[in-house]
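In the two assemblies presented below, chain A is common to both, partnered first by chain B and then by chain C.
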Partner chain A sequence: MKECYLVRSRTVAARLLGEEMIIMSATDSTLFNLNPVATLIWQAADGKTPLTKIVKEQICTTFDVEPAEALRDAQQFVLDLAAHGILSLADSPITDSKGMAVNRS
Partner chain B sequence: MSLMGQLNRKALGLGVPLSVHLDITYRCNERCEHCYLEHDGDNELTTAEIRSFLRQLAEAGVFFLTISGGEPLMRRDFFEIIEYARELTFNVKVKTNALMIRGKEAHFLRDAGVEQVQVSIYSHKPDVHDAITKLPGSLSRSLEGIRQMRAAGLKVTLANVLMRSNVQDYAGVQALSAEVGAHYTLDPTITPMLNGGSSILSLRLPAEELRAIFRDERLVGNAAEFCAPPPAIDDAIREGLPCSAGHTSCYITPWGDVYPCVQFPLACGNLRQQSFREIWAGSKQLKEVRSIRAKHLSICSSCSHLGTCTRCPGLAFMEGNMRGPSSADCEKSFVRTGVVTAGMLAGHSASLPTASSSGLVQIHMPPAAAPVAREVLLSAASANF
Partner chain C sequence: MPATPERSKATTSLLLNMSMFLKPWHWPAGRPHQRKGSADSIGRVHEEDDADERNPGDAVCKSRRRNGAALMPLLVPACEADLPRPLITGAVTVEIGGLPILLDTNDPGFRKILEKRYAGFLNPSAAPACRFEIELISAREPADEDVRVFRRGSTWCLQRGDFRAEWDLRRREGWIRQCANPYSIDSVLRITHSLLLAMEGGFQAHASSAIRNSRAFLFAGVSGAGKTTTVSMAPSDAVVLTDEISYVRRVESNYRAYGTPFAGELARPGANASAPVQRVCLLKQGPQNCLRPVRRAAAIRALMRHVLFFAQDSELVERVLDSVVQFVSSVEVMEMEFTPDRRAWELVQ
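After this line comes the complex of A and B, so read on.
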């Protein structure tokens, strides 16, 4: 997999509840509940930080997980969210402001 | 348990107000005969105050935000408020009469990421609807707004409040909902005015009309199941909470007063004087509401309907005792099942002006052609995630 940049969709609602993120897509009202690991990835999805860096600097330093396994799982996770339209993925930094979420709620 | 149920349970445990209903104005361009509000617009929250309070709500963990009124589009800053609420990543639902919504407004709401819009429609017949809103041409104008929102791709719900004057028309509104691709919700709830006035309660449906609605399988599904006698009461029911008001949800008036619910006008604090966190965590009124379990209810705790009644603590409060019965709900439980309630045996219903009225129940139906909202519990696919 090429380097992957990810950014949160502007059309979703999101809020941190305890250590887990609640997300609802406005397009199909699908409700997601992200676990703490997935929540870290979501919060780091700023369009500028590649997934490898998120995994290395945030996931592997916070959780006891093998880097290769964490990256593999993270890649599957972001593909799942992208399929639901709540994350956008690209192989270069995402600068289109239309795709940018505005905070880390 | 559904994902939504899990979220509510978690929010309850964490003391998080998951849902807030914010009325940004009581001004309105209709004068619906059953409306529980006075349409005073003096000293409403300013745009800056609302922005500040929205930030406080987001910081407190509020996820579901209903913006309503009055007619919320009567405020010139309505779109700024919506835009800011979405910037704060609330799940935003708007309640409007859609009179002021056309293509431009519909596209704004869609692009902002508003999750759904609810519009009150009382009848498919212009003369009936317009007589209730007291605004000639209002049905036609509301429907145009609804069609514009549907064309923009917004999810729309037609809320059909039923009362004496439109009880014959719910099937027509249901068909209208299907025609425009909207959800349909029926609600025979007429509440007292927030100022305590009870004259509008005379508009409530007579019991015989409500009985027929509760047995209409186009609305309730399996009528025998819906109208079944209440099951046995157990300890879990006795220890249960009366409703989410004040526990995981609350209501804010256009002046910043915080109530447990729009139908529960117990003043718990004012956002111009205290922060939302201070009110949510420290209000003695909210603490009292939160202390009440089903077993503490003065008459209802001995009622066979305790586990299934939709008893509204706000209506009970407006009848004088938040721990007492809501007589409208007593009668609804009775009409639905044929089983007399403890409140009726205690003579509670006689205290109301309309002894054969209906109470709170809402029947929701998705549009036939639209996908039903789904819940997906997502976690990355490994033991680590």
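After this line comes the complex of A and C, so read on.
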């Protein structure tokens, strides 16, 4: 399976509240609330780190979950976010992107 | 020793259901003119979530740094020559929340409509924050088209079936093209105020509000939760600010709620008064009267559902989100279970 790289959209505002991330899309005024696991993925979405590495080094070291299971859920999650336009996905590192929203707490 | 002693087993199920914890909903962005039901219906999906997220041990008044402080102001300071001209014949200055907007019409009949509709909020001597020339046209498309608010350079463009408007931030003036329908001018005013407020850290919310003991209380909830009912039961010592659109401004590091002329089911404008915000009550009708703390994240989500904002502009969206985060950190946000009678006001003081 191809590697998946992900980067946050710039057209969103994201704020960390405790362990939860609140994300607001400027394009369609949609509000998203990420749980702590999803928040880790969001924060690691820098366009350079592949999803497999995020899952292995961030999710599986923090949460008690099987790697394969975590990766499967993470893949579905990033597809969901990409469908809403708040993440961009690519099969190679993303260097020239419109992305990288700032995470503020 | 367990293999992963530091890992949180409790969150395993969250991971398995990760996508289910992705909770989208929409701002009430579509129809600023609509009354009860339009804004709230959007948030109903998550109505039950808030109860789960209550945490009685949670403090709801935490200090917090202002995220929006570093953002550049969007409102370009105008030089004196650019400021709107003072009162002219045919003009009506409507001051809501301390922000005067001059509406200039050459139609005496429409001027009378404006004076009647915004009576109590007229301030002919105020220096307007912006000025609109109104051009009345015979008819436009129906008002059910979604509103579009976007920026073109320094000009904000406001469009809906029943009106078109443009507002130049630098010159602080613009025009409105509409038929002689007071709901259209209501909408333009609400949108303009939403932009002005967003630039300075405030917001409008689909909520009723009132002043009691010199403090303001906001009552927010889904359609039918009791926003109008609450203020209609207000005791004589309470001043009703609105039964429809609450108006919140940041004044230094505090927040004040102001009355608005935008009437809901009560069909009467609010009082032109203001007070520091004491509490936001998330309404829930029930068999008893009580207040329950709401976790900050849940409070932010609940409030965002009711914030009126229409612009497709990432910088302003960021500001509004920051404003709500800051606001929730500065005031009490409580769930207010209430019986629909006057005893509920024992909680509002």
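Operating definition for what follows: the second predicted complex is superposed on the first by the 99 of 105 C-alpha atoms of A that agree within 3 Å, B and C clash if a C-alpha of one lies under 4 Å from a C-alpha of the other, contacts with A are read in each partner's own complex, and residues count from 1 in each chain.
Just so it is clear, contacts are C-beta pairs under 8 Å (C-beta built on N, C-alpha and C of every residue); 3 or more make two chains touch, one makes a residue touch a chain.
Here the structure is a predicted model, which means the values were calculated and not measured.
**Q** Label the relationship between chain B and chain C on chain A in the superposed model as either fit or clash.
**A** With chain A as the common anchor, chain B and chain C collide in the superposed model.
**Q** Considering only the touch criterion stated at the top, classify A:T95 as touching first (chain B), second (chain C), both, or neither.
**A** In the superposition, A:T95 touches no partner, neither chain B nor chain C.
**Q** On chain A, which stretch or stretches are contacted by chain B in one complex as well as by chain C in the other?
**A** 10-13, 15, 17-18, 20, 22, 24, 26-35, 37-38, 63, 65, 69-70, 73-74, 76-77, 80-81, 84
**Q** Considering only the defined contacts, which chain A positions touch chain B in the complex?
**A** Those in contact with chain B are residues 10-18, 20, 22, 24, 26-35, 37-38, 63, 65, 69-70, 72-74, 76-77, 80-81, 84, 101-103, 105.
**Q** Considering the complex alone, what residue numbers of chain C touch chain A?
**A** Touch residues, chain C against chain A: 4, 7-9, 11-12, 14-16, 18-19, 21-27, 29, 67, 296-297, 300-301, 304-305, 309, 312-314, 316-318, 320-322, 325.
**Q** Once bound in the complex, which stretches of chain B touch chain A?
**A** Residues in contact with chain A: 3-4, 6-7, 10-11, 14, 16, 18, 58, 61-63, 86-92, 113-116, 153, 155, 371, 373-382, 384-385.
**Q** In their complex, what parts of chain A are in touch with chain C?
**A** 10-13, 15, 17-18, 20, 22, 24-38, 59, 61-65, 69-70, 73-74, 76-77, 80-81, 84, 104
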